[in-house]
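Next come two complexes built around chain A: one with chain B, the other with chain C.
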Partner chain A sequence: MKIAVLLRAVPDPVEELELDGEDLDRDFLGYVLNEFDDHALEEALLIKDEDGGTVVVYALGTADEVEQMLHTAIAKGADSGQILGEDLDPIDAHGQAAAFAEAISGEAFDLVLTGVQASDEIDGQVAMLVAAELGLPHVSVVIGTAPSDGAIRVTKEYWAGITADYDVRLPAVLGIQTAREAPRYVAVARIRQAQESGALEEVHIDQPDNGSGITITEMRLPEEGEGAQMIDGDETAAAERVLEILQSAGVR
Partner chain B sequence: MVTVVFAAETAGREVFLGFDTTLTVVFYVLSTVAIGIFVWGFYRRIRKYTRGSSINRLDWGRFVRALGDIGSNRTIAKRHRVVGIAHFFVLWGFIVLLIGTTVIAINDDIIGILLGKPEWEFWHGTFYIVYAFVLDVFGIGFIVGLIVLARIRRSDPLRLDYARVDGVEANRRGYSLDDKVFLGTLLFLGVSGFLLEGFRIAATDFPSFEVVSIGGWVIALLTSPLGESANDAARMATWWIHALAALTFIAYLPYSKGMHVVNDAADLAFMKPTSAAVLPDVKDPASPGYATLDDFTWKDLLDFDACTKCGRCHEVCPATASGSPLSPRDLILDLREYADARSGIKMWYGVGARPTHVVDDEIPGHVIATDTLWSCTTCMACMDACPVGIEHVPTIVQMRRRLVDTGDVEPGLQKAFQALARGGNSFGKSAKQRARWTKTLDFKVKDARKEPVDYLWFVGDHGSFDPRATEVSRTVAMLMRSGGIDFGILYDGERNAGNDVRRAGEEGLFEMLRDFNVEAFDDADYKRMFTTDPHSLNTLRGEYPTDDDVLHYTAILDQLVSDGAITLSALSGKATYHDPCYLGRYQDEYDAPRRLIEAAGLELVEMGRCRENSFCCGAGGGRIWMDDSGLDERPAENRIKEAVALGDDVNYFVVSCPKDMIMYSDAVKTTGNEGNIEVVDIAQLIYQAAEVVPVG
Partner chain C sequence: MAQDILVYVEHLGGEVTDATYELIATARTLAGETGGSVDAAVIGTGAADLASSLTGADRILVADTDALGAFNPQGHAEIFTSLVEERDPAVTLVPYTSVGMDVGNHVAAATAQPLVSYCLKVDVSDGLTATCQLYAGKVEADVEVEGDRAVFAMLAGAGSADDGRSGGAGAVENVDAVVGDLAVTFVGLAEPEAGDVDITAEDILVAVGRGIESEDNIEEAQELADALGAALAASRPIIDQGWLPKTRQVGKSGLSVTPKVYIALGISGAPEHLEGMRDSTTIIAVNSDPQAPIFGVAHYGWSGDLFDFIPELTDLLEG
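For the complex of A and B:
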């Protein structure tokens, strides 16, 4: 099985986010691999561990950290990787999907995996847009796969923990919510070896257009509330106090 | 004088008294067979060690010290004085009796038979008298020592319970049997030797010089009423019984616990006391650590065989005490059994207890379970307690390196590693927030990268991010300032020092953190360094390429107090002090904190387990990042109970390590001891006692 995994760098939530009008102030931001994409990679590697095949990882060159992300993926067991473009400006979901689709279209992949969403793309469109670009079947919110003979059985999660299995013919695009197992650890020394392996290729692409036609007019930080009131005392006293507060607020 | 009294010119005895040629030949044939079996077993052992991978342990200074350790039995007497003294008598009894036998062999066999020069024989006269006396004295010591050791064994101390801690089914009856056979055989040899001597003296009409054979003489007085011929018959029988026992013992040695007489001396000579503080480098980055038996060094293989199962490591190990699957003794014995099975070596009582593991090539995760390896806190109590120089900690780290390389990492540890690779701290915080703890100080802490300072303060992760530990960091900052110490920090240029990362087996990450810090040190202008974190202290001192003078903050505070730069008004009450593993056992610093506690006016009450024998809080070696919810009792809880048991009037549990502050404040809560004892850092204590005048 030949599997493509699409990886995205997202702003590191550890850093304090500051706004610059319509976007995050990206000058001092650090980037990390999108958590859901890490699961997509893990699922791909699990399939490879079980059934053999190759895994190729792709990422758009939107951040300095992308190279490290791809080396890490290669160290974990991906066979090769491509960085698409360099120093690219942030791209919306349509633009990302178009760029990814173009990069992988010539390669005859059986399976294309990516995270169901990203912290900066919560509406989760990239997987389905890639599928649309390539004219392939697509399932999202996938929590497990079981490939078998030219097809794949995927488990999709619905609301309230309901799950359903789908048999999907290949090739197909999957949006991964979680891999069957937690993403594996790879030792730093192995990442260093991957850096020297030459398995990573940089491919020039022009800055993709934002395809959605939607622009952000203003971005705001969450408003700080009034703060919580701590209630002291034992259970009885606390319960009485809660009742008092609710009654004084007009709750009957 | 002696010659007159004992008629020394006639002193001496015949070894083969009353033997015909056949009997003598039978004895020599049997001896040759016994020695042959011994040599074969011994050779197999040596060949096993020479198969180990290489490591340089040629240290003449160490060899000389080892002679002292071996000769004095100091390492055995440590914290077990009676055992040490008894073993001392057994050891020296054994050595002297062995020399005695060798003297006879040289006299009779080499000079008398091989060289054919009976006129050169010397085993008679005055020499014989001194010989007989010395051998008897040491022989008595030998027997008394053995009886004491047998008594201790019969009292069945917990450390001699060979039950495994991980619940794996194992038959260890062979071990107990061998212990008894070994001790019993030695005792039998000693006793039968004296009986033989007694019968001989009684059968040869009490030659006057033989009075120096005090043990034999007393026995002879008791047996003489039987008559000379009965004594002579008993002599002949005992001669053979004693000889056959001795020959069997020689043959048995390399297939039993008896091998320890050679292995343990060698292990003590080749051990490196700093091997846990300064861990071995990774030999081959493409395949780090120990995967298969071929990766273990000859010293490791010697370690496995050196273990006498004394159980001292088992007794002091915080992992064992907390109900985790690790016992250092089980680990070493499992590795021994595996190595023996792989080398085709059998003990006389059979192969090791878990022969099923022989099919595995991979040791970490198979022969030694993953959970077992992650249980170690690297506190080094095992190595400190081990009387024979086994180096458990580096061996465990080597196996962890393999687990990390194959991605078999405990989930909490994985999270910490990933956070450390990203932001250089295990808290998952941005490096930019590293010096945020300084913001609430009413002065600005210098940035050592921007202005010169006397001291560069390496704060460490916990002192920078954990709320309880940052409180201590601020106190240290105020004390240093009031004591006139010119110091600065690296702000966002500091990373976790990597001590625990390295001990958790992530060598690549350790190198990354170390290199980052070394670059930051290069950019800073300072004369000396101090740290509030003993773990950082250990790696900065021994594992960084820098040759900075690195101090623990208690050393500086101690200096400031003794110089009068900080004056203290007396506090009242009693305090106990917990020695951090990485300050005490690892860096050998015990006294400055104690002086400070007393300088603050408190009465220091020691816990039973203090100084070298301090009991780990459970946080070291990466354990602080791992899940400890499965433990029966966390080591820190065990420790707090020990402190509380000192009495109601001990108010303070004094610590000098940020991890201790965290572990013990939690343990005080989980053991319900809030109000009974207060965990304070030594800096907080000094701050309370000091008349700190805000400067500037």
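For the complex of A and C:
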């Protein structure tokens, strides 16, 4: 099985976001691997562990931004990686999908895995858009796979823990929500080895010209503590106040 | 004709989901503006039966077929796409759910219409505009659609399901339910196994999120829960790491809970989490980030370190 995994660096969800009109103020923003992509990578590596094959990781951006993320993926077991479009202007999910489709279309992948969603694009989910670009079947919100000959059985999560199984003909694109196992860790020493392995290459991609058809006119932060009555003071004050709240809620 | 609002009817096990009625409520408001009708497309197994009980839509387009199983991402999407092509609605609404995600993206790509995701609100009064959430609810964005057609994927809670339900029955119209050769085949459904604790039946829930940092720290939260006579629940990442069983997950793909008191510790308040707990009677949130969206739905909040807070409250309760 030959598997492509699309990895995306997103603004660190733990950081406070500053806005700059229609976008984030990105100057001091830290980026981390989108959590669902970590699961997409894990699922790909699990398939490789069981059935053999190769895993190639892709990311859009400059080497600065995405190298570390791709080296980590290679250290975990991906065979090689590609950095696409060093010099691209920022693009939305449609543009990203077009860029990935261009990069992977000639590579005869059996499977393309992405994270189910990234929280920083309004114009749709890249998995399905890549599938549309390549004319491949897709399933999103996948929480497990089991490859068989020429097909793959996937488990899709609906809600309230209800799931459904599907058989999907290959090649196909899957949006991974959760891998069968928690994403593996990798020692820093292995990441250093990966950095020296030369398994990462930069590839030129033309600026995609397909737009999303939507424009962001304003971004704002929801009002701080809009709904909540904020408790002042240190943790002792907070605990005392919470006890009072529990009492007035009738549970103490 | 072209001023109509088309709603994708999500259903499972012979029941239309609340998410669908939320869409119908939004569609009613929009149709009031455009002067068009609210059309609801019911596709798949039992569609004809569902159509007879569906309320709130003016017209119900029924594509009844057993060939697709409970839900087929490709089959349902293809039938819905042909309806969008044929009816050419001004606005197409899908729920931002596991089902809606497959259908919405597909139909938008296939009809070359813009797709607007994470929508809280759609407006048709001055072109097509919407308000959406980005960065897991940390940012709100206003967007403008180029052109006069789009697909909107609506977040849970964007409309009121009760309002949607409250309308009358619609006129039923049968439509073709033909699909070509499908690369995706439905195999079967699985219901979750019952857990040791039913978090939907608890009066008090202590819920932990990624702020708890490691599996070892779960014990500290459990001690607080014990001191409170509460059960421990969690956001999705805690479950995905395997630190607590799936039956403890609150939110979109977990359970919806409405305890008397919900204490959220180190949970950011992503829309997928909020939809499972926002109707709790009293919500108390502790988060080190004063901007965390959880404070938007909490009744009481403390901005600080949960590792300082947990032992204080546990001691106070035990002491």
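Here, the second predicted complex is superposed on the first by the 208 of 252 C-alpha atoms of A that agree within 3 Å, B and C clash if a C-alpha of one lies under 4 Å from a C-alpha of the other, contacts with A are read in each partner's own complex, and residues count from 1 in each chain.
The working rule: a residue touches a chain if its C-beta (ideal position, glycine included) is under 8 Å from a C-beta of that chain, and two chains touch if they have at least 3 such contacts.
The model shown is predicted, which means the values in this text are computed figures rather than measured ones.
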{"item": "Which of chain B and chain C A:V32 touches, first, second, both or neither", "value": "first"}
{"item": "Which superposed partner A:V14 touches (first chain B, second chain C, both, neither)", "value": "both"}
{"item": "Partner chain(s) touched by A:A182 [first = chain B, second = chain C, both, neither]", "value": "both"}
{"item": "Which superposed partner A:Q193 touches (first chain B, second chain C, both, neither)", "value": "first"}
{"item": "Touched partner set for A:A108, first chain B, second chain C, both or neither", "value": "neither"}
{"item": "If touched residues of chain A are counted for chain B and for chain C, the larger one", "value": "C"}
{"item": "On chain A, the residue positions that both chain B and chain C contact, one per complex", "value": "14, 16, 182"}
{"item": "Chain A - residues contacting chain C, complex", "value": "11, 13-14, 16-17, 19, 24, 35, 39, 116-117, 119-125, 127-129, 131-132, 136-141, 153, 155-169, 172, 175, 177-178, 181-182, 211-231, 234-236, 238-243, 245-246, 249-251"}
{"item": "Residue ranges of chain B in contact with chain A within the complex", "value": "282, 285-286, 288, 404-405, 407, 409, 411, 414, 417-418, 421-423, 428-430, 432, 506-509, 511-512"}
{"item": "Residues on chain C engaged by chain A in the complex (per definition of touch)", "value": "12, 69-74, 97-99, 101-102, 104-106, 108-110, 113-118, 129, 132, 134-147, 150, 183-192, 203-204, 228, 237, 240-242, 246-247, 249, 252-256, 260-261, 263, 268, 270, 281-286, 289-291, 293, 295-305, 308-309, 312-313, 315-317"}
{"item": "Contacting residues of chain A [partner chain B, same complex]", "value": "12, 14-16, 30, 32, 76, 182, 184-193"}
